[in-house]
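Quick notes on the structure that follows.
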Amino acid sequence: MSPTLQKSGSLRRRLLLQLLLAAALLSTFMYLSVRAVAEKAAEATHNNILGASATSIVEQLRSSNGEIVVDIPYSAFSMLGSISDDQVFYRIESDRETLTGYEDLPLPDATLEIDDPHYYTARYKSVVIRATAVRRVIPIAGKPKSVIVAVAQTRFGQDAIASGVANTAALLGVGFFILTGLLSWIATNNTVKPIRTVAEKITRRGPQDLRPLDHPVPQELQTLVDSLNGFIGRLRGTLRRTETFIADAAHHVRTPLAIVRTRAEIALRHAEGDDARQMLRSVIRAVDESSRSATQLLEHATVSYRSDQVSHETFDVSLMLQDVMGVHEATAELKDLVIHADVVQAVSLSGDRVLIESAVHNLLDNAIKYSEPDQHIDVTLQTDGADCLISICDLGRGLAGKSQADLTQRFERGSNVTDVVGSGLGLTIVEEVAHLHQGSFEILPRTGGGTCTSLRLPLSR
Amino acid sequence: MYKFTATIVAVILLSINLKARAFEIEDRKIFEAASVADAGSVTGIGLSELKIISSTDLNYFEPLVRQYQLQNPNVTVDYTVASTAEMFKAIHAEQQPFDLVISSAMDLQMKLVNDGFGKSYLSTQTAQLPSWAKWRDLLFAFSQEPAVVIASAKGMDDLSIPNNRQELITLLRENPDRFRGKIGTYDLRVSGAGYLFATQDVRQSDAFWRLAEVIGSLSPKLYCCSSNMIDDLESGELLLAYNVFGSYAAAGLSEQQDGQIVPMLDFTHLMLRTAMIPKYSDNHLNAGGFIDFLLSDSGKALLSSDAQLPPIQSEPVTESPHLQPIRLGPGLLVYLDQLKRKRFLEQWTDAMIR
Amino acid sequence: MRFLLIEDNSELAQSVSDRLKLDGHAVDIAGTLADASACLQGAEYDLMLLDIMLPDGDGVSFLAQHRATNNNTPVIATTARSAISDRVSVLDAGADDYITKPFDFAELEARVRAVLRRRGGVASNTFHYHGMVFNPLNATVSFDGTDFVLRNRELRLLEILVSTPERIFSKSHLYDRLFSYSEEPSDNAIEVYVGRLRKKLEGSQVLIETVRGLGYRITHK
């Protein structure tokens, strides 16, 4: 029924993916920058402490009896121990001669400014160390002498800080990603929501509802809704033209038929002689037959047209049935037929009222047509579980051995009805209506003569 | 047959395990694995060795080694006793193949691990140590021994007992005749422990130099070891000894009535006896096991009863603020600096020896 | 009865009017809704036949407007369309009934009667003949204070006969008017209904006479 469109990806998924990608990039960026900043900060702190340590040693450089003496303050090393349990190395050198400390501790290649700590990274005892070197010139025996104090520390503590920071940053990044992911999901849903709302509004519409869509939509959807409204407008126009055409066609056929029939009746009133009367009667019969065929052809067209778009309104079947019986009261009366109604009150059914009424109309019309004068017709409505059952039984001439399958063929009529006006479409219409509502239709001979037709329809779908 | 093989293996191991050595040892004993001593109970295959070099006398440690071997019957323990300086030389300069270095010289132990000679070790026992009792996972303390002042009760009978260094200075200044020649303390030039205590005192308070001045003016006797000071105090040669190992004092004084420990409430340093595993140790797992044993409940019990070394306890430290463990850390390296040491000893000699 | 026939096809209008006049009704024809409004203002009608497709507007809205101005003239809508939805909208707008063109005048008559009956009837529409009172709307015939209910075909037969008393109606004439053109009743069908009617009129002054070879007529004792 509805054609399957080839999907070109999901807008929602695309949006979500892009937002998630952005979130992932931002999270990674955040992770890296937090890490970089923290590591820089940790290194700066480390440098400062190394610098302070070296400087505090430099402050203790003295000359005594032509010799350099240095009284390393306890705090110089203990301050290094206070931030981490890292190994400490130092070297005090003058004129390429180590005065004290670790003789093989590497010194920077660069020329050192006086009293300006120089920071560098090196390998010592097969581990990476961070080191600082400070140069000071002190006078020894009246001559200035350059002394370099280097203090170094392994980086285990710093590495531990860095990995701690990295973990925190990673956790932060992951948390940020989850949060932004969640927000992205919400945002995407909110963004896509208007599209879904519009779609739902259109889906929920009945087949006759061809009003333009006036639901407020975001600017981006306006074009879509505009063209949709344009399409609906054109569809409405086409449908109206079709309906008008059908109505006009009926009108154009029926009006001349009505003139002919009326004139024939008048003529018949005045006619003398049985031949003339017989001829006029056959004219009237022919007109009636044409009119009826036209009616049922159009009705069948309506049923076929509606089969694509069965509307679902909830209505009371008992009231509808009484309506239809009221319409047929006059025609039944003409044959002195009595319609007995045994109708359960207030049976609510969801379906296409026009189609169901058309089916009942056809069944009752048949019952009246094929009844003999002074007979009666029984119309019953009962509920049976989730279904309702409409039966119309007459005492007429019956089916003459024809099966239901035969009778519901298009343009197929009973073999015993050539004397009665009919098109052979009525039962076809009934059967189609039953199918469209997932119901069933049954036509059976009535015991003791006559026919029973029953239409079974589910009350809701 | 098994025993024979095991013995041969042990002999071979012992004969090759020490390099031509320059450091001096004071004592050595090999405690053969119990499984070798017991007839054929275990094959030689599971046997291994643990070579300990220690500054602690053999008789203190023997019960510990025996207990350890009860729990580890396959381990042969080779226990070598040396002075702290010789031990340092053995590891730092000669890289002798020892598995565990146990020393009371915190500064030298610190320098060993700082210079990268330590092998890290982590166990549930070491993890439970208070933070001041270990340095990284390289150096572990297993006993805490205060540096105390001991005095002769008889000689001090009519004098007020000093509670801190200021009072001690005052006491000595007011009674110079009584104390002249009757004060003992470490000769920092020969005793590493003495040097450590002195430098920590200096770090803590200026009172040390004033005290040194006063003691120096009273013709003090200088000692290499705590036990000698305790003996001389007991024999009446000394009235007062400054910075004596509290553990030895408690052990040496407990039976006699005369000597008594005078607590210094301004501060009392706790010297930590530490163990470290050399990085080139072949039996580092045994060494770690021995450390765990020292820190275990049975090890602690033996330490305090047989070795007379107070095991690591954080309660006394937190409850008595004057008890201050000497901090393990690079600060200890400062006083090992040659220039610093030279200067310090000069200053000390100036004050002490007239 | 007076009809207002609103029908834009003049030929159809004329023939319907002619046909209704045959049964003795008066008919005014309006070709547009404007004409219809004019007619409604100038005269009273028993019934309005309204074509719902007219050149100057939709019959349904005219009907709704008509009902809104409280005009109670009964309306039967005529339509050349047959969609059932049309029927619903026409009845919703206030039509009393509807009939699809082309229509059987017998059916129209039956519907008119049903509508008028529902509406409470037209007083003048009774026949008096020698003590017999015939009310086709209620389908009753009464004499000597007794009411008899007629069935539809008895009623129509009596209606035809009583419209021109004493006149002889041929069997084929009655046949044409009594039976639908799609029916082929048996040869003695007329006799059956005449017989029934006679039975109901037994005891009255009125009788239905068989004129051998010519037909039937109503007369009195």
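Observations on the model:
Residue numbering begins at 1 within each chain, and the chains themselves are lettered A, B and C in the order written.
Convention: a residue touches a chain if its C-beta (ideal position, glycine included) is under 8 Å from a C-beta of that chain, and two chains touch if they have at least 3 such contacts.
For clarity, every value in this text was computed on a predicted model and none was experimentally measured.
A comparison of the A-C and A-B interfaces places the larger number of contacting C-beta pairs at A-C. With chains reduced to the mean position of their C-alpha atoms, the one farthest from chain A is B. The most central chain, judged by the distance from its Cα centroid to the centroid of all protein Cα atoms shown, is A. Rounded to whole angstrom units, the spacing between the C-alpha centres of chain B and chain C is 138. Between chain A and chain C the centroid-to-centroid distance comes to 61 Å (mean Cα coordinates, whole Å). Between the Cα centres of chain A and chain B there is a gap of 80 Å.
Touching chain C in their complex are the following residues of chain A: 246-247, 250-251, 253-255, 257-263, 265-266, 268-269, 274, 277, 281, 284-285, 287-288, 291, 294-295, 298-299, 302, 327, 329-331, 333-336, 354, 357-358, 361, 369, 373-374, 419-421. Contact residues of chain B toward chain A in the complex are 113-116, 135-136, 203, 327, 329-335, 337-340, 343.
Taken in their complex, chain A has these residues touching chain B: 69-78, 80-82, 85-89, 92, 99-102, 125-127, 156.
Across the complex, chain A is touched by residues 9, 11-12, 15-16, 18-19, 22, 53, 80-85, 87-88, 97-98, 100-107, 110-111, 114, 151-153, 172-173, 176, 180-185 of chain C.
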